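Two complexes are shown next, each including chain A; its partner changes from chain B in the first to chain C in the second.
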Partner chain A sequence: MSVTTKTIALHGGLLVLLFALQFVLPAYHHGNLARIMVLASYAVGYNILFGYTGLLSLGHALFFAAGMYGMSLTIQHLGFSAAPALLAGIAAGVVVSMALALLALRTAGVAFMIVTLMFAQAGYLTILYFGEYTRGDEGFVIQQAQRMLWGIDLSQPTNRYFAALSLFATCLLASLWLIRHPFGKTLVAIRENEERVRMLGYNTFAHKLGAMVISGTISAAAGASYGLLFGYAGASFASVQYSIFPLLWVLLGGAGTVLGPFIGTLFMFYLIDLSSGITTAYMLIAGVVLVLLTLFAPQGLTGELRARIWRWLP
Partner chain B sequence: MDLGPYLILASLEGAVTAAVLALTAVGLSLVFGVMRVVNIAHGEFFMLGAVIAWWIAHSMGGHPAIGFAVALVVAPLIVGVIAVLADMTILKRVNYDPERTIVATIGLLYIIQQLTLMTYGPEARPVEAPFNTRLAIPWFEHGENGWQMIWPWGLGTTSYKLAVIGAAAGVLLGVWILMTRTRAGLVMRATQADRDMALAFGIPVEKVYALVFGLGAALAALAAVLIVPIQQAHYLMGADPLLLSFIVVIIGGLGSLPGTVLAAVLIGLSDGIISVFFSPTLAKILATLLVGLVLVFRPQGLFGTRHS
Partner chain C sequence: MMLLSTRGLSKHFDGLQAVQDVDFDLPIGQVRALIGPNGAGKTTLVGMICGRIEPSEGRVFFDEVDITALPAHKRIMLGMAYTFQITSVFSRLPAAENVALAARRRLHGDKVDTAVKEALDQVGLLERMDQEAGDLSYGHQRLLEIAMGLVQKPRLLILDEPTQGLADSEITDFKNLIRELAGDTTILLIEHNMNVVMETADQVTVLNFGEVLAEGTPDEIHANAAVQAAYLGTG
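After this line comes the complex of A and B, so read on.
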């Protein structure tokens, strides 16, 4: 089989499996998997910037929250219906990621990490500051009547699962298409050796800008969908923790692999789910996994798989 | 009260913040300067210092001053040892790669914080100050009989707060002497200037790194022991000092000790004064934006000079 056939078979197979699981899973795991698919879309967005372009952002919660609040605030205060609100959330993600990219891409390495961290923190504090509209940490519920997308009630578990699957499939296929496209290949080249790419005549700034806007937009789409599917928007989704999560998922699943974000999110979600049954200090697991990953498996699960068995894995 | 007494009060509170902040930030700056890595878990070392101080003061009994004095020595030592162990088991193994170190210290942050939550619990607990005399401050006012001295209600400080400022100044002086006048400081500065050359001259760079990491953490813990009679020990108390230290270290110029102290005084004082006039959230928003913008447009810091 050629690499393209194998790639299509593997990723298509995963989507078919996810589609089929919907009919067999018990209610609890059914709900979990819907959540995991939305969060995995967020991780897919993060992976484009971190995994493929090699830029480690500590501020992606800003984009996730931009999507979530762009969607929920227009519903809450401007009376938008779900579809335009979703678009408003994605548009907010484009604007915010473009603005942050123009500033943060002037720096590199550790400074880039701190700049993204600081702007995301400023965004989080801004949400708290305008608590009158955003209800701050407490957040607000998006009513069932406001969650009708083209006549489909997204609060129903089955509809929610399909909406999450459509979002995830779109993001996964978009990221697969992107990295097989010359633009994506240039991003990988920038990750490996930015100086050389610049010397070859590529505009590396424009490529990094593009990567950050694509990454931010996917993250915002995930944030907006999360709010719409689960009916809640709160400031905690803008906190540092939600910038660390996608990093953790992508690192665990394998940075710079198309399937990595989903696998990482799936594992981490159930790891935390199981451990929170035992202790309230469930973030301990996240910390231990982060340290162990940096020490022993910087490639992540899929990365190790690619290094050892399936060398063709995108 | 008039504006004047308010300002005095705000600057006194600000001076205490600045003193503690300077100690914490110098620890972070030292680690960044010598090792070229950013330690995200720095705030958790601060928190550990406060929690261990509570634990010592709680289990010692007797006069509060005894427990506090023991905590002042033992808490930074314990935290320093923990940091040295973390350096040897984690940071050394990722080769002090800047990005992997950040990820690893984020992990360390959660490990320390959550282990504290599991053992110490979610309560905030106070430590009694060793001495705490109230000192009122007079104010001059132009009244019917010309200028007269009054004692406005609420304008004052405590002997302990003044002692914190003094102690912090003393420790900072000590760090400065250590760095500029001793052999250990010379070795650290040599490692900072050129790691490979230092290694070639037989300086045990890995030991220096471990000690610097321990020293940085111990300074944060010491700052926390000093502040814990004023604030309370809580497992989430590390976030604010971390953010403020970042602000200070970046504005002061990464890795420059005098710049760091100057920035700490500036930030500490203005934090106290700004918080009187604006909401603390707004002050924090402005501060985080300032750090981001300084890094983007003036990466050498406001007081630093550009290296070629």
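After this line comes the complex of A and C, so read on.
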């Protein structure tokens, strides 16, 4: 079997499995998986910048929130219906990630982390400042009537599951396509040795800019969908915690692997879910497991799988 | 016609004058060796030519067009290729992908594959194309660097100490490779191995303390008293 066939079989297989699970999962896990797929889409976006381009951003909550508020504010205050609001959220992601990229990419390494973190904090504070419109920390509910996309009620669990799956499938396949495309391969080369890429005649700034806009836009699409599917927008989604989450998911799942973001999100979600069923000190269990993983699987779950068994894994 | 010229090119790092007022001309098709003792400013000079280092003063001309203000990647697109002194391959990527990255700047689709195989074959690494570059021996990594330069089909190929760390047999192959390229490609070669210089270069420029000390054919340079003094000391 060629690498392309195996790649299609594996990733297609996962999507088919997720499709089939919809019919057998109990309601609780069914809801969880819908949420995981949306959050994994966010992680897929993060992975393009962190895993493939090698730029560690601590400010992705800004993009997630840009999507969420671009969607919800236009519904709430401008009376948009779901489809144009979703587009407004994605457009907000494009604009915000482009603006932040132009500023932050003047720096590198630790400075890049700090600049992205600071701008994301500024974004969070801006949401709180304009509490009159955003309702700040408290947030606001997006009514069922406002969550009709092309006549489909997204508050209904089955529809929500399929919407989440569509989003995740789009993001996963886009990321798979990207890294097999020359542009994506150049991003990987920038991660490995930026100076060398520059001396091969590539405009590395333009490539990093492109990576950050793609990454920010996918994150915004996830943010907008999250608000629309679960009917709520609040400032906590713009807080630093939501910048750290995708980093954690991607690290656990395997940075620079296409499946890693999903595996990491799934693992982390159920780790917290299961350990909180055992004890109230569930973060302690989660913490220990995370330490063990970092010690024994430093490349993340999918990364280790690639290093040990499936060398061809994209 | 000159492919590459510099006028009054200088670089100082704070107090240190690394390169001073260098006027340098390289005609199309020539193989030029750039030699000089350690710290003579060879890599700094070449760095200013290909845009890695910003000059303190002076100008660089490529094809008689002033390129002093152009960033490195645009100079490369004009037809320069630069291979690094310290091996700088993408060690976690396969050898073929290293070369393909260089090839994709001017080729697309299936042509990339063909060009990659051709370049790897030229340096004798074809059968190692699927190996990760970091797993190759040091000498093979040097050859991979050269293949990355070759595949760009540059008009000016700048090789910074290409034979460092190569085995004798590999050096012989390298000399043959340069002879094959000579004529089609203009080559600027920084080299310590005098044997390689004598056998491959049309002209030699000697740099000492950041200044051009002498210029001439390999035989003239070999016989030049000032050059001998610079290398061996006047004792």
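Rule of thumb we're sticking to: the second predicted complex is superposed on the first by the 293 of 314 C-alpha atoms of A that agree within 3 Å, B and C clash if a C-alpha of one lies under 4 Å from a C-alpha of the other, contacts with A are read in each partner's own complex, and residues count from 1 in each chain.
Simple rule for what comes next: contacts are C-beta pairs under 8 Å (C-beta built on N, C-alpha and C of every residue); 3 or more make two chains touch, one makes a residue touch a chain.
All of these numbers come straight from a predicted model, not from anything done at the bench.
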Query raised in the report: Thinking of the overlay built on chain A, is A:P182 touched by chain B (first), by chain C (second), by both, or by neither?
Result: second
Query raised in the report: With the two structures laid over each other on chain A, which partner does A:N203 touch: chain B (first), chain C (second), both, or neither?
Result: second
**Report entry** Residue contacts on chain A - larger count, chain B or chain C
**Finding:** B
Query raised in the report: What is the contact status of A:I244 with respect to chain B (first) and chain C (second): first, second, both, or neither?
Result: first
Query raised in the report: Looking at the overlay, does A:E138 come into contact with chain B only (first), chain C only (second), both, or neither?
Result: neither
Report task. Report for A:D153: first if it touches chain B alone, second if chain C alone, otherwise both or neither. Result -> neither
Requested in this report: For A:N193, select first, second, both or neither according to whether it touches chain B, chain C, the two together, or no partner.
Outcome: second
Query raised in the report: Do any residues of chain A touch both chain B and chain C, and if so, which are they?
Result: none
Report summary line: chain A residues touching chain C in their complex are 182, 185-186, 188-189, 192-193, 195-204
**Report entry** In the complex with chain A, residue positions of chain B that touch it
**Finding:** 38, 90, 93-94, 98-100, 102-104, 106-111, 113-115, 117-118, 243, 246, 250, 279, 281-282, 284-285, 288-289, 291-293, 295-297, 299
Query raised in the report: Within the complex, which stretch of chain C touches chain A?
Result: 50, 52, 71-74, 76-77, 82, 84, 88-93, 97, 100-102, 104-105, 108, 148, 152
**Report entry** Contact footprint of chain B on chain A as seen in their complex
**Finding:** 56, 58, 103-104, 106-107, 109-111, 113-115, 118-119, 121-122, 125-126, 128-129, 244, 247, 251, 279-284, 286-291, 293-295, 298
